[in-house]
Structure formats: C-alpha cells, structure tokens
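There are structures below to look over.
One chain, chain A, links the two complexes that follow: it is found with chain B in the first and with chain C in the second.
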Partner chain A sequence: MAGNPFPLPKEQLLQAYRTMRTIREFEERLHIDFGRGDIPGFVHLYAGEEAAGTCIMMHLGDGDRIASTHRGHGHCIGKGVDVVAMMKEIYGRKGGACEGKGGSMHIADLHKGMMGANGILGAGAPLVCGAALAAKIRAKGKERSEVAISFVGDGASNQGTFLESLNLAAVWNLPAIFVVENNGYAESTSRDYGVAVDSYVDRAAGFGLPGVTVDGTDFFAVHEAAGEIIERARKGGGPALLECKMVRFHGHFEGDAQTYRAPGENEHNREHNDCLKKFAAAVSGAGVIAADELKAIDHEVLGLIERAVSEAKAAPQPTAADLLTDVYVKY
Partner chain B sequence: MNPLPISDACIGVIANPVSARDIRRVVANAGNLQITDRVNIVLRLLQAARAAGVGRALLMPDRGGIRALLERHLKRGDASLPHIDWLDMQPTSTVEDSFTATRLLQRAGVAAIVVLGGDGTHRAMVRELHAAGSALPIAGLSTGTNNAFPEMREPTITGLATALYATGRIAPQEALVANKLLEVQITGGTHAARHDVAIVDAVITHDRTVGARALWKAGSLAAAYLAFCEPEAIGLSSIGALLQPVGRRERGGLAVQIAAHAADALTLLHAPIAPGLVLPVPVAGWQRLLPDEPLAVQQSAGTVALDGERELIFEPGQHVGVTLREAAFRTLDVARCMAVAARDGLLRTPPHP
Partner chain C sequence: MARKISMKQAINEAIDQEMARDPSVIMMGEDIVGGAGADGERDAWGGVLGVTKGLYAKHGDRLLDTPLSESAYVGAAIGAACCGLRPIAELMFVDFMGVCFDQIYNQAAKFRYMFGGKAETPVVIRAMCGAGFRAAAQHSQMLTPLFTHIPGLKVICPSTPYDTKGLLVQSIRDNDPVIFLEHKNLYGFEGEVPEALYAIPFGEANVLRDGKGATIVTYGLMVHRALDAAAALAKEGVECEVIDLRTLSPIDMDTVLDSVEKTGHLVCVDEANPRCSIAADVSAQVAQQAFGALKGPIEMVTAPHTPVPFSPVLEDLYIPSAAQIAAAVKRSRAGGKH
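Let's look at the complex of A and B:
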C-alpha cells in the first residue's frame, strides 16, 4: 500500500465510503420496495447525490444542526440517524425515528442534530436561522460556535422563505450555511426555465453572503469547500452559500416518468457522474483502500439494509391512540 | 447612422458564466462578477463592434444565465447590435464548453474571438488553439478571480479594437502580438501520457487531490513555473514577479523552487498569491526558464495547478516536464489598435456626408 495522499485518514475515507454506500443501497432498496407497493406515502430518492450528504456532515458534530428537504434520506444517514429506525419510519411502523407517524418526508432525530426532513419546500431555511441564532447565543464568549446548515434544492431556492433566510442570516451574522443541492430540476422543470438568475453565487451576493460553486459529484471538492465554509462560520465569519452541482439518478418522486429528461441522460449520469464510482476509483487507484475492502463494505451495507427492511416489515403499525402522543414538547 | 459601414466580418464571443465562483470568495473575499454584469459586458463589446463595422457575432451558448438574459434583451429589439447567432452545441457547464466553442469558432472562420473569463478560461481556449496549430487571435476581458493574463479593460474599447482588426482596417502585424505558454507533460507510470498548457503559471503542489481546485494555501506549494511574471499582478505568478520579474513580451520565463519549511528557505517572500491573501512563501531558489528547454519537476507526487487551478494529479513513478514555448498564440493588442485608430483616423468620418 502506498502512503495516503488524501486530506483524510484511511479510517475516515472508509467511513465516507460506508456512508455513501449506505445511502445508495438504502435508496435503491426503497426504489424496489415502493414499486412493489410496500411503502405508504411518497418517497423522493437521494441516489446520485451522496457525496454532499456525506462529506458536509463529516465536518459536523451532534451539536451542529441541519434542516433537510423532502429528499432527506441521505442527509439523515449522513448525520448519523439510525438506519433501521429510518426504514421503520418510512414503512410507517412503531420504533421508527418518529414512531412511524412522519414517514419519508418528516424523519427527524434531534439527538443527532437532525431537525427534520421537510415536505414544505424551502421551509428548512428559517428553522436553520433559529438554530444558528441559538448556537450564536450559546457561543457568546467562546472562540467557536456550533453551526446550522440548511439544505435546499435548486427549485426550492426560489421560495421566499429561503431568500428571506439569506437576508436574516446576513443581518444577524449567523453561523448558518445554505447548501443548494442543484440537480438541475425543480421537480420536472429544468433550472433553465425556472430560475431567473441562474447563479446561486449571484443570489448569495445579492444578500451580502459569499457563495461558492463546486462539483457536487466530487467528494473531495465538496469536502474541502464545505470545510472552509463551516470553519469560517464557527469562528464568527458569518453565513455563506455552497452550491453543489449534482445529479439525481431517479425521478423527482418514485413513479415519476421523467419525460423531461434528454434521452440517455440517466444512463450517462450513472456512467460518468456517479460520485460513488469517482470516490472508489480515486481511493483504490491511489492504493489507499483495496478493492476487497470496498467490497467488504458493500456486503456489510447490504446486510444492514436487508435487516432494516426485515425489522421494518415485522414492526407493528401505530395505533389510533398513538395519534395523540408526541404532539407537543415540554420545555 | 452607423459610424463605419457594416461589413460581413464575424467575431466569436466566449463568455464563461462559471468563472469567479470558487472557494476564494469565502477564504479570501474574492470578487463576484454577477451574470447580469457579464451580459452587460457582452452587450457593450458587441455594440462597439457593430459601431466599428462588424456585422455578425457568433456566441457560445451556456446554461449559466448569460444566454437566457441576453436573449431576453434581444427580444426587446436592439438595432445597435450585430446579427447574433449561437454556436450549435449542447452546453455542459464545464470547461468542455470552452474547448468545444473554440473548435466551432475556428471552423466557422471568425476573424477573432473575444473571451470573458479569468486565466482559466483563457487557458482553455489557448489549449484548443495550440493543439490545432491555429493562429486565430483572441481578445481577453478579465471577469475571473486571479487574472494575470487578461486585461481589466472597458469592453467598449476591446469591442472597437477587435472590430477594427476583424474588418481589416488594422493589419495583423500592427494589431496582434505573440504570447508565450508553458507546455506540461506527464509521462511514465501506468497511465497514458498527458499534455496540457498554462498561459501564466504551472504550479506544482503537495496536494494529492484537485479538491476545490483553486489554490490559496502557501503551504501546499512546491514549485512554480512561470511564462511571465509582472510585479503588479495578483496570483501565483507574483511569487516569481517579486523575485525576478519577467515581462510577457520578454524572452524566457522563470522557475521557482519553494522550500517545505521556512528554515530551509533562501528567503521568505510575502506574495499576494490570491486576492486578499499576502502569504509567506519560503523560497528555496529560482532560475530563468529558457525557451524550448524542458525542465523536469523534482516533486515525486502531487498535483499540477494550471493558471491557478489544480488540474492534473501525478503519482510516484510519473515524470512531469515543463517547457516554455515562445510565440505560441496570438492576442489582440487593444492599446496598440486604438493608437493606430487615432494615428490613422480610423474612427473619423466627414462631418457633412
């Protein structure tokens, strides 16, 4: 084995691959199970976008908060939410992350700093301003603070809530970071048609925030940029925007016929823009992680997903009495 | 009435919507030229080009907003512009767009290409022209982060100068100047040989991934090969410029070796290696880079940053060579064109037609 040329030790590289692979297998399994009619509600899959959901979280601790989107499974797994509890939640079973009452678009785990996926587009950004304000107040007198990160899609970035949050974060100089996961489509509407100012960096500049665009399919590019932005926020440098240009392998929702895509687009993306393939090629090509080690992780992850599905299917459904629990929180 | 008669001369325009978007906005307060400003730059240069007789312009399409905003403007009807066509290509929002557009503009027979971008965008075009052995001239406008190569200039003037050349009112020997470049070659190992170019600086770093591509950490630098280095420039070429300046029209370049630790350095140079960042660089030594004489890179593994961005990774067992080439591509000398315009009265017409 050669020396490690990457900015992360081998253990972290292995963990990064494990997380990305877990997200991928989790989503591909949901794609199958949803098609069979096993899953209630709606699911929006994150497959193809794993690099951002993984490496940004590697800079965070449980005290750092994130607000996710309707496409939130990857963020949950990246933030350390229990995979079995997530699967139970999506299957609508007791023992789920929200006791089976939230489903795919409302998975939350406050102990992990995961404030929730969100079915309302752009709704996570104001929540993050609140979390960031709390972090800033808690950090008074300290050199570093916790941070809060809002994930938002390119479509939801047109929402007033998002734009107002950029303003608020700038005015209050919050340790807030806005990650635009730009997969090119707002549901089925190409970004070319739906966004008047195509550059999210320009949008950020309009509110006095610095913005950065990176190749969201390149783990190391996102990792480096996110690290700088998060560190800046921790030290009181204020909010920033990170645009990750990425691809989603599935439709907007499961069942989406994807007639808006160019012929062969999905196949091209899976062949040339797969962040997992790029990561695996880089770490194995450099001789840091052997192909067998990656295969072992693949095997381990498949086992985990299989167990998660089995336990989810075996778990009971919430009862009518459960409807009135977990509605209010005592402070 | 148009000041000069409209001809069938055609110019190309490559406006990069992606330049000035990297991490240096966060780590170094680098500027951000908004898309609307880039569109205004294109409009001003085209208005001036038509005023000086250019009848047609061929533009690179993009998915970053320039085409969309420009078409919105064109729908309002603007008689001050030349006829505008878009190149027949599918934008990818990567550097491939600049390569493809350069190829298509050559084939279309444009008289010159005006490019809006930073050193990286200019490098992409030059790489394509150099590979094709093309003498097609370019006129650069700076819209990037770290610009040692393109000039900060009002686009109206660049548009006028380009048009005066494109319409034949100024001869090539007066309008154009030759430029140097650095050829970078990576050979050996299990990979196929790779070739690339830099128009200002090829910098060897200790990094083993391209990461966020931009370079802003002095500690990652191992060596700098410079086609030219001028003391008033920002960016990595400032390292050489503050040791031994080499003009862009001067023969030869400069190679600078950077020490791993300050204790091993000959001198500690404080250089503006990126906007807002004046950082200590421990210099181990430097030497002139002679034309056509390849220099072997000493570093056994790392990345090669071309004009400010990490582009090529090389591993132990691979060899990196850098060769300076003189008169490798041509650019429009805007200042000289305008001086000729004044001298020869090119923008004068009779007061009473």
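Let's look at the complex of A and C:
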C-alpha cells in the first residue's frame, strides 16, 4: 500500500466516508419513503452536500455547539446524533430524537452539542452567538475554548438575524463560525438573484470578519479551511465566515418538481459534482483505501438505514397524554 | 418601620443579589452599562432610565452592552441559556419585541416541547411597558396578550416594588423563558421591600382588598387605578375585591373564580387593547366556569382599540381611569343598565 498523502489517518478517512455514506443513504431512503407517502410533513434533503456536514464536524467535540437549518439531517448525523432516533423522529414516533414532537425540521440533541435543526431561516445565528458567548465565558483563563457554528444556506444569508449575528460576533470577538452552505438556490430562487454581492468573502469583510470560499464538493478543501478557522477561534482569534459552494441533488423540499433548474442540471451534478464520488475516487485512487473497504462500508450503512426504518415503523405512536407534556419545565 | 425603595431600585437589587448568589447569571442589553468604547465614564447610563446603574461596578463584564441589534442579542441570550448560563436580556421597551419576536416565540418558547422535553431555556427578557410617559405609539404599549398567547413562555407584570423583587428573583431562578414586563410609570413608585433575598412563586394572585360587592381583576399599573376605584366605591357603600394577577402566564384563575362565586360581579381591567386581551381571557374563563355565580354582566375596562396617542390630553383619555372602573362596577351591579 502506498503512503497516505491525505491530512487524515486512514481510520479517520474511513470514518469520514462512513458518515458521508450514512447521510447519503439516509436521505435517498427518505426520498423513496416520502414518495410512498410513509412520512408526514415537510422534508428537506441534504444529499449532495455531505462533505461539509461531515468534515466540519470532524473538528468538533460534543462541547462544541452547532445550530443547523431546515436541511439539517446531514448536520445531525455529522454531529453524532443517533440515526435510529432521527428516523423515528421523522416518522413522528415515540422514542424519536424529540419524542415525535419536533419532526424533520427540529431534530436536536443538546448532549451532542446539536442545538437543533430550525424551521426559521437564519434563526440559528443569534443562538450560536449565545453558545459562543457561553463557551468564551467558560474558557476564561484557559488557552483554548469550545466553539459554536451556525449553518445557513445562501438564502438565509440575507436574513437580518444572520447579518446582525456577524456583527455581534465580531463586536464581542466570539468563538463563532458562520458556514454558508451555498447550494445555488434559496428554495427556487437562484443565489445570483438573491445575494447582492458576488463574493461572501466581501460580505464577511463588510462585518470585519475573515471570509473563505471553498469548493464544498471537495471534502479535503472544506476540511482544511474549516480546520484553520476553527483553530483560530479556539485560540481567541474570533469569528469567521466559511462559504462552501455545493450542490443540492434534490429539490428544496420533497415534492418539488424543480422546473427552475436548467435541463440536465441534476444529472450533471450527480455525474461531476458528487462529493462522495470525488472522495472515494481520491482515497482509492491514492491507494489508501481499497474499493472493497468502501463497499463494505456501503453494505454496513445500508443495513443501518434499513434497521432505522424498520425500527421507526415499529415504534409506538405518541398518545393523547403526550400532547400536553413538556411545554414547560414547571408550570 | 421597614425599608421603602422604588420599583426601579427593587429591580436593581434583585439582579444584583442574584448575580452575587449565582455566577451563571449574566445580563445583556443596549446601554445597560453605558458608554462602552467611548472616552467618557464607564457605567455612564446603567440603562436608559438608570435601572441597572451601579451593577457594572459590582459584577463587571457579566454585564454586556450590546450593539443596537435586538434579534442578535436576544437570540444570543436564548442560545446562552441553552448552554448553561442564566442570561437576563433587557429589551428596553417592549415595543421593540417586534424586531426580535422570532427568537422569543419560535425559538425560546418552543425548544422544550419541540425537542421532546430535553431542553431547558432559563432566560429572562425584561422590558418596560405601558402608557403615560407621553412616549407615543411605539414606546408605550401594553403587549402582555402577545406573550400570554404563546405556550412555553411565562409572563410577569408586577404592580409593587415588593412583588417586583420577589418575582424577578423567581424569574431568574426559573428554568423556563420568562417575559418580565415593568410598567415605566411605576419605576418611581415606592413600597416596603426586605433587603434579604426572597422569591415569589408564579401563578399566585394577590387579593389586595376584600369585599362582597364586585370582583375587580387586573395587573400592573391598573392595580393602583382599581384600588382608587374601590376606595371611591367604598365611600358609597360598595366593597370590592381587588385581585392583582401578578403573573399572567401562569394565571391564577382559582383565586378569581373563588372571588366571583362570592361577589357575583366581575370587572376586568387591562391597559392592553381590548381584543384578545388579558381582560377578555379572564372574562371568557369566568363566563365558562362560573356562569351560574354571575348576577350581572361581566364588564371590561381596557384601552380603546387604537394605538397609544402622543397628545397628553388624548393619552390620558386612552388609559383606563378609576372613574371608568367604578362606573363599570356600577353597571354590572345594575344588571348592565346605565
């Protein structure tokens, strides 16, 4: 076997592939099950964007917080939320990550530092300022602090909450990082129409923050850029913005006919802009991971997703008593 | 003779003592210290009306001045509450809630339920409320019903310095998000307040005056108008029970219902606009749960369905008066005729 040219040891490369593959299969399975009518409500799929959701989290521990978006399944899996509990939640069952009361758009696991997917675009950014403030206070007198990361899409990057948070994080020099997952579309509206500046680096500069743009389909590019930004924040260097240019394999939500896309756009993206394919080609091409090892992971992941779906379908429905519980800690 | 202090001092003392007791309590808001980054004195303001003056000297950086950026810092207080702190966010005027309401009603209020009972958000959002300051339509509102409508929020609006200290201490210690509304026209109002720390439990109304003639239910500044009306009515031989709700969510309906069973007449007084107000809510609950006890129509005395006017003449007409309350009591006792 050749030497490893990547900045991660083989074990971590395998783990990265496993996480990305888990997100992909989770989402593709939801696409099928939603089409069958098995899943209630709104579902927004992260397929195509797995590299960012995976590699950024590889720099984090449970004490580091993230606030996610409506398209949050990938962030949850990346942050270590239990896949079976997630599937149960999406099926609205007891034993789900939120006991069936949150659903796809509100999966959270505070013990894992996952402060929630969010149905309100841009709402996570102020929350992340608070998480970063708490981290900064906890780190007083120490050399390194925990960090907090806000994910937004290119659409929500226009929200006042997001822009105010960039300023607040800069004013308070918080260990906060703002990741713009630019998949080119705010629902159906193109990024070029909705975002007035050409570069997010310029937008960050407008708030006195360093900004970096990377190819979000390139796992290693995102991993390196995120690592530098996170490390800087840990050492008290303050907030930064990271733009990941990526592609969304599915529509805004499941059921979206995607007539706004150019003909052949999805096929082109799946062929040429698939972060998972690129990663697999890189690690197997370099001879670090054999194709058989990747296949074994694929097989293992499919088993996990199958188990998650069957456990979700078998899980009990909430009862009338559950309707009224957990509004308050005490009322 | 017990010590008398103003409501403003009671707020300051509650925050001061809780910050001294619990290192996880922090506070943030616009100009709560004042003069941040400027060349003059630090703690220049202590809040726009000086409520938090002096706290910076005692607690330093645990008081954070913020940019004019309500969505960001109210959201940050909520986020920090999810991460082990007990933040108090000061919003200055409740009228500014509109610019950060999402963080309150879609985020803080919903985390516990939406996350399946696994979140605690011990945040207090303080704001001035109420009319009478000649501050016009965007700095004078009584927006209590906006918050009581939202499951997951607790809503407090005290009428005395004693209640203010005890309820604010409880708000800081509480593990749910609390909206704490301070009537700006009561800031100078003085009353007896113990120096020792104490907390007043939520959901316990206060019966300020006993009587069998009618029940007057209210909160905040209107408590004092109701007491004035009750004193005037007593001279005419009508003894009214005056109930200060103190906490609007949770709300102590048991005390209200017990009183109506005794008096047979209910007058709900609310400085808020009438539609879907606290007065309307209490009226509906009494009509539903104590209909048989009523000997006359339920009366509501509220602000009119208008914004708060600037003209002092108009504003005085806008705010419910003791005379209107007394007239409402008489109307109910006369079977609605007048």
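Just so we're on the same page, the second predicted complex is superposed on the first by the 328 of 331 C-alpha atoms of A that agree within 3 Å, B and C clash if a C-alpha of one lies under 4 Å from a C-alpha of the other, contacts with A are read in each partner's own complex, and residues count from 1 in each chain.
In this section, contacts are C-beta pairs under 8 Å (C-beta built on N, C-alpha and C of every residue); 3 or more make two chains touch, one makes a residue touch a chain.
Only a predicted model underlies this, so the values are computations on that prediction, with no experimental measurement involved.
When the two complexes are overlaid on their common chain A, residue A:E228 makes contact with chain B while staying clear of chain C. By the touch criterion defined above, A:V171 reaches chain C but does not reach chain B. Of the two partner chains placed around the shared chain by superposition, chain B is the only one that A:K245 touches, whereas chain C remains out of contact.
Of the two partner chains placed by the overlay, only chain B lies in contact with A:P5; chain C stays clear of it.
Using the contact criterion defined above for the overlaid structures, shared-chain residue A:V197 touches chain B, although it does not reach chain C. Set side by side, chain B and chain C differ in how many residues of chain A they touch, and the one touching more is C. In the superposition on chain A, contact of A:E265 is made with neither chain B nor chain C. In the superposition on chain A, A:V212 contacts chain B only, with no contact to chain C.
In the superposition on chain A, no contact is made by A:E300 with either chain B or chain C. The residues of chain A shared by its contacts with chain B and with chain C come to none at all.
Interface of chain A with chain C (complex): residues 65, 67, 96-102, 106, 108-110, 115-116, 118-120, 123, 125-131, 133-135, 137-138, 148, 160-161, 164-165, 167-168, 171-172, 325-331. Every residue of chain C that touches chain A in the complex is listed here, in rising order: 26, 64, 66-67, 69, 71-85, 87, 102-103, 106-107, 111-120, 151-152, 154, 174-176, 203, 250. Chain B meets chain A in the complex at residues 17-18, 21-23, 25-27, 29, 32, 34-36, 63-65, 68, 93, 207-213, 301, 315-316.
Residues 2, 5-7, 191-192, 197-199, 201-202, 205, 210-214, 218, 220-221, 223-225, 228-229, 232, 240, 243, 245, 282, 286 of chain A touch chain B in their complex.
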